[in-house]
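Look for subunit A in each of the two complexes below; its partner is subunit B in the first and subunit C in the second.
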Partner chain A sequence: MQIFVCVKHVPDSAVHIHIIDNHHIDENIGFLINPYDEHAVTEAVRIRDAHPGSEVIAVCLGKQDAEKTLRSAMAMGADRGILIQSEKYHDSIETALALKTAIEHDGSPVLIFTGKESIDDQGMQTQFRMGALFDFPVATNVVRLEILSDKALVDTEFSGGVVNTYEMTLPCIIGAGRGLNTPKYPTFPDIMKSKKKPVQTLLFSDLKIQTPAARMEVVELIPHLQKRQPRALTGNAVETAQKILHILKHEAKVL
Partner chain B sequence: MTKKYDAIIIGAGVIGAPIAYELSKMGYKTLSVDKLADAGEGSTAGSCAIVRAHYSTADGVAMAYEGFKYWLDWENYLDHVKDEKGLARYMNTGSLLLKSQGHDWKKVKRNYDEIGVKYEELTIEKIKEMVPVADLHEFWPVRRPEDPTFYDEPSKMLEGAIFCPEGGYVNDPTLSAHNIMRAAEAKGAVFMFNAEVVDIRTKDGRVAGITLKDGSQIDAPIVVNVGGPHSFKVNQMAPGVWEGCNIKTKSLRHEVMYCPSPDGYDYLNDGYHMSDGDIGCYVRPEVGNTFLIGSEDPACDPKEWVDPDDFYAGKGGNGKDNVLSEAQWKAQCYRLGKRIPSLPVPNQPKGVVDLYDCSDDWIPVYDKSDLPGFYMAVGTSGNQYKNAPVVGRMMAELIDACEKGLDHDKKPFQYKFKYINRSTDVGFFSRKRQINRNSSFSVNG
Partner chain C sequence: MIKPVGVIMELENGMVKDANMGMITLARQKDTILYALTMDGPAGAMKEKLSAFGISNIIEIKLAEDLRHNPDVRAKAVMEVVKKFNLSAVFGLSTARGKDLLPRIAALLGSPLVMDCFHVDLEKNMAETSRYSGKTLARIKVTGPVPVFGIRPNAKEPVREQASAGIIQFDAGSIVSKQLRVVKTSETGKGSKISLAEAEVIISGGRGMKNKENFILLSQCAEKLNAAVGASRVAVDSGWVPYAMQVGQTGEKVSPKVYIACGISGSIQHFAGMKTSGMVIAVNLDETAAIMSNCDYYAVADALEIIPELTKILGKS
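Right, the complex of A and B next:
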């Protein structure tokens, strides 16, 4: 069975991000595999290992530098990679089209994984757009996945911790959530092995994708500035705990 | 009205706090000022707080070994003071120094013998028993992952290791400085925070006090520079001090990484501090069963000398600011990944980036200055955390002796250690010294 994992090369969430010319970020920062995609790769590898003869193919639309993210996916166990190289920004409509074209070009997917979202755009659309293009069912924020002979059983988590269980026909698309697994990080020998795994580079322009009628573009990027207002809580442990509880309930309103 | 003290200590980190403590015990009315909000929140907070004895000089070994006695007897050292934040804990894991071409371990061994440090020599088999996850091949020389030969297969094995049963780390370096502050306060010391020094004032050829950013002036006939990575800026504020130093200090950016321990290996409870010159790394356990991976500054790694104010403000860009860089993350984690092949290396860098107050020869300057009344404990070069309580006592005695008329430049002060039967020539740490060629010129000191 062919298992595809769509991965995205995103800015490291820990870096200082600077907006330039109101549209772009200064890209002289660390980029790495989208954290939700780490769960997707880990799950894909688990399922491959349980189904002998299967392979995991990581697919990424991005600049040349995005090959690093494919190498990360391969160090985590993917067998090979496909880079759809483009120096431009693509919205989720074009991204879904490009991923679909590259996957179809490569073979016949039984499972396609994505992360539940990318931490840069946070659009949460690509998996659904791909599902529509392929006519495959999609489940996102998946926290449990079981593959039976001709179907998948998934648990998806909603806000407030509500979990629904679905039965999906195969092939299907899975948006991996954090609760799905603990990402299996590569060791140095895994990283060495991944250097020898093949990456096929396709140029976005060579995919001959018809320009979609609908498109989205970034009109403006505005930094989200948060002012920290630290307060010191005094008192013994019991008093401090009570004050924290009061803040969480009545000020932050998260409880 | 201008406030008056006997001594002002600039910096309330792990070196500044014990100087205040010891001077207070000797009867000096001290004021510690720090630009940050609490004790130990500057570069002390980024310290790996390793407590180990191996240094490239006998004096270095002696001071570190003396330091152990303080850490082992922490409550007593603090005179049983109460700290509402609790006490820092010394974790005596034992310390492994792998015999490699990356360390002059024979010199270390001679120094151990001279000082009387307890140690045993281990075979490869014995190390493997103690650290079952280790691959003890020789990977020398240290290279960077960008270098294709980094991935060459090793063929030879290492020789063995020197193991000191005494050695480890302090679990919370910030808290340790806070503990010492509370102990100092109990002896009358005063601490002032969010107070940035902008000028060192003089009168009649002698230090007269400090001026703070808000314009307030505080007077004292003694001022001690313990400014950490800002030390060179403080020295430059004091007339003649910077110019009078043959050994200068500047701030060096430094990265430390965290990787989870391999599955099934309880590094936090079963692991040792390990200095591994063969791969240019040192490691110690950290909470969450992780490896804390420090760098021994191999020659192939670039050195980023930065302005401390810009650095802490997050300026300078990728590889120069206070965020881990991908290149160095790979360098340190892959190096350790050779030694520990089952070590998981996350895709996102995690760790600490901070500054060393680095001297020209990576040996500190504990000295008076060319300005009477102005002293300095600077240039700690990432290797003095463990010595902090000893330095506090030594600096206090040096200051007291100089104030009572000793010409330390002509007849260097001899400091008698409290626990080990030895004295050290404080002139070893002189600002006037020539560069010490015996130094490792690294964090190893």
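Right, the complex of A and C next:
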């Protein structure tokens, strides 16, 4: 079966973000595969290995540099990659259309993985947009996945330790959560092997996607500055605890 | 022109959660008429509370009893309500449940969607949210039919405005899902009893907690404070607490009134998840930890000594 994994090239979580011209960021920083997508790739590879004859195809919409993220996915075990190259920013609606078109061009998916969200846009919706376009069921923040003959059983995690188990028909779309697995970081031989794996490049403009009626457009980015003025709490443990209690009661008024 | 706006209520144990009131306050704007949508209980029980916050109509959506928890069925039902009542925008909470429902609704409607908003301007069709994991704020313009907004809990202080809500029954009992079935819902007992996203007070532990057992000290204190317990990535990766408790870039993004950080160094990734907190109190043995210079109050002390003392005096007071 064909298993597709949608991956995104995002700024390294450890870098500082600098805003230029009010609504773009300085991209002269490290970019990496979106952390949740690592769980998606890991799971896709596990399912492939359990179903002989399957293949894992990583798909990415991004600039030319995003090929690095496809190489990371291949170093983690994906068989090949598709880069939908575009120099522009695309919202989740256009992204889902582009991913769907590229996946359909390539073959017939049985499973499509994404991360539950990207750490840059935090839109939390591309998987659902694809679901509506393909008419496939979707589950997000998936922490356990089991593939049965013609359906998938998934556990999705909610707050407070609540887990819902959904049964979905195949094909389906899985938004990977952090609890799904522990990604195995590639070894040097894995990385060398990934360099020889094929990447097909498509141009976004060649996909002939009609501009959707709905749109989300970033009109302004504002640095999220900290304005806190730290004040010291001194004294022994009892005194410090009493001071905290006083602050909670009289300043924060949460007691 | 009057804009009918739908506000999806989130209930817990049959009660309208407090976080809904801030969302209603945010949705109440010039020329709006507010419809509260409920799928989880009788509208009569919430009429008084919702009237006090300016709700004009409560739409009680009746789903087939065995499909009440199916997110696909719920999304379809909201779509039907949007069409029937010509709603011009939909608001819901950006909680774990909201993250499983609102994108489904937007995808079905072909609507724009912004999650985790802390402000929405319906006249300008503008939403404010965070990007780059809380490192920047973003103003996002939405274009297209029936925009959907996921509202960050605690983003807005609830403000009362008296109205008298009417009740409308909406039968959605024939809506089914051919593709998705809820097999079961289980409580794993993992994670905080109070939702991190909605808690007014969060007490969080990091490397300085040293082991799994010491997190019990935080839970005991949290119980007295009616707080949720969170953790840094180090604590999660060390196996001391489950993923569900992680605050940060790859965990929950929280905005409590007070965030108490115990033995947390305050990495850029951790800040990404809690920087919108009202007040930050840091307890750390390391005076040079990043969090100590980026908080409201700090104590250079061992959280393992301070927290049990706090629990003790909370028990007395």
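Brief remarks follow.
Rule of thumb we're sticking to: the second predicted complex is superposed on the first by the 226 of 255 C-alpha atoms of A that agree within 3 Å, B and C clash if a C-alpha of one lies under 4 Å from a C-alpha of the other, contacts with A are read in each partner's own complex, and residues count from 1 in each chain.
Assume contacts are C-beta pairs under 8 Å (C-beta built on N, C-alpha and C of every residue); 3 or more make two chains touch, one makes a residue touch a chain.
These numbers come from a predicted model, not from an experiment.
By the touch criterion defined above, A:189 reaches subunit B but does not reach subunit C. When the two complexes are overlaid on their common chain A, residue A:12 makes contact with subunit B while staying clear of subunit C. Look at A:119: by the touch rule set out above, it reaches subunit C but stays clear of subunit B. By the touch criterion defined above, A:35 reaches both subunit B and subunit C.
Ranking subunit B and subunit C by residues of subunit A touched puts C first. In the superposition on chain A, A:72 contacts subunit B only, with no contact to subunit C. Judged by the touch definition given at the top, the superposed model places A:53 against neither subunit B nor subunit C. Residue overlap on subunit A between its contacts with subunit B in one complex and with subunit C in the other: 13-14, 16, 35. If you check the complex, the residues on subunit C that touch subunit A are 69, 72, 95-97, 99-100, 103-104, 106-108, 110-116, 126, 129-145, 150, 177-197, 200-201, 225, 242-244, 246, 249-252, 257-258, 260, 267-269, 271-272, 275, 278-283, 292-302, 305-307, 309-310, 312-314, 317.
Listed in rising order, the residues of subunit B touching subunit A in the complex are 151, 260, 262, 314, 317-318, 321, 323-326, 333-334, 337-338, 341-350. Of all residues in subunit A, those touching subunit C in their complex are 11, 13-14, 16-17, 19, 25, 35-36, 92-93, 119-125, 127-129, 131-132, 136-141, 143, 153, 156-169, 172, 177-179, 212-224, 226, 228-234, 237-238, 240-245, 247-248, 251-252, 254-255.
For subunit A in complex with subunit B, the residues that touch the partner chain are 12-16, 28-30, 32-33, 35, 38, 72, 183-189, 191-192, 195.
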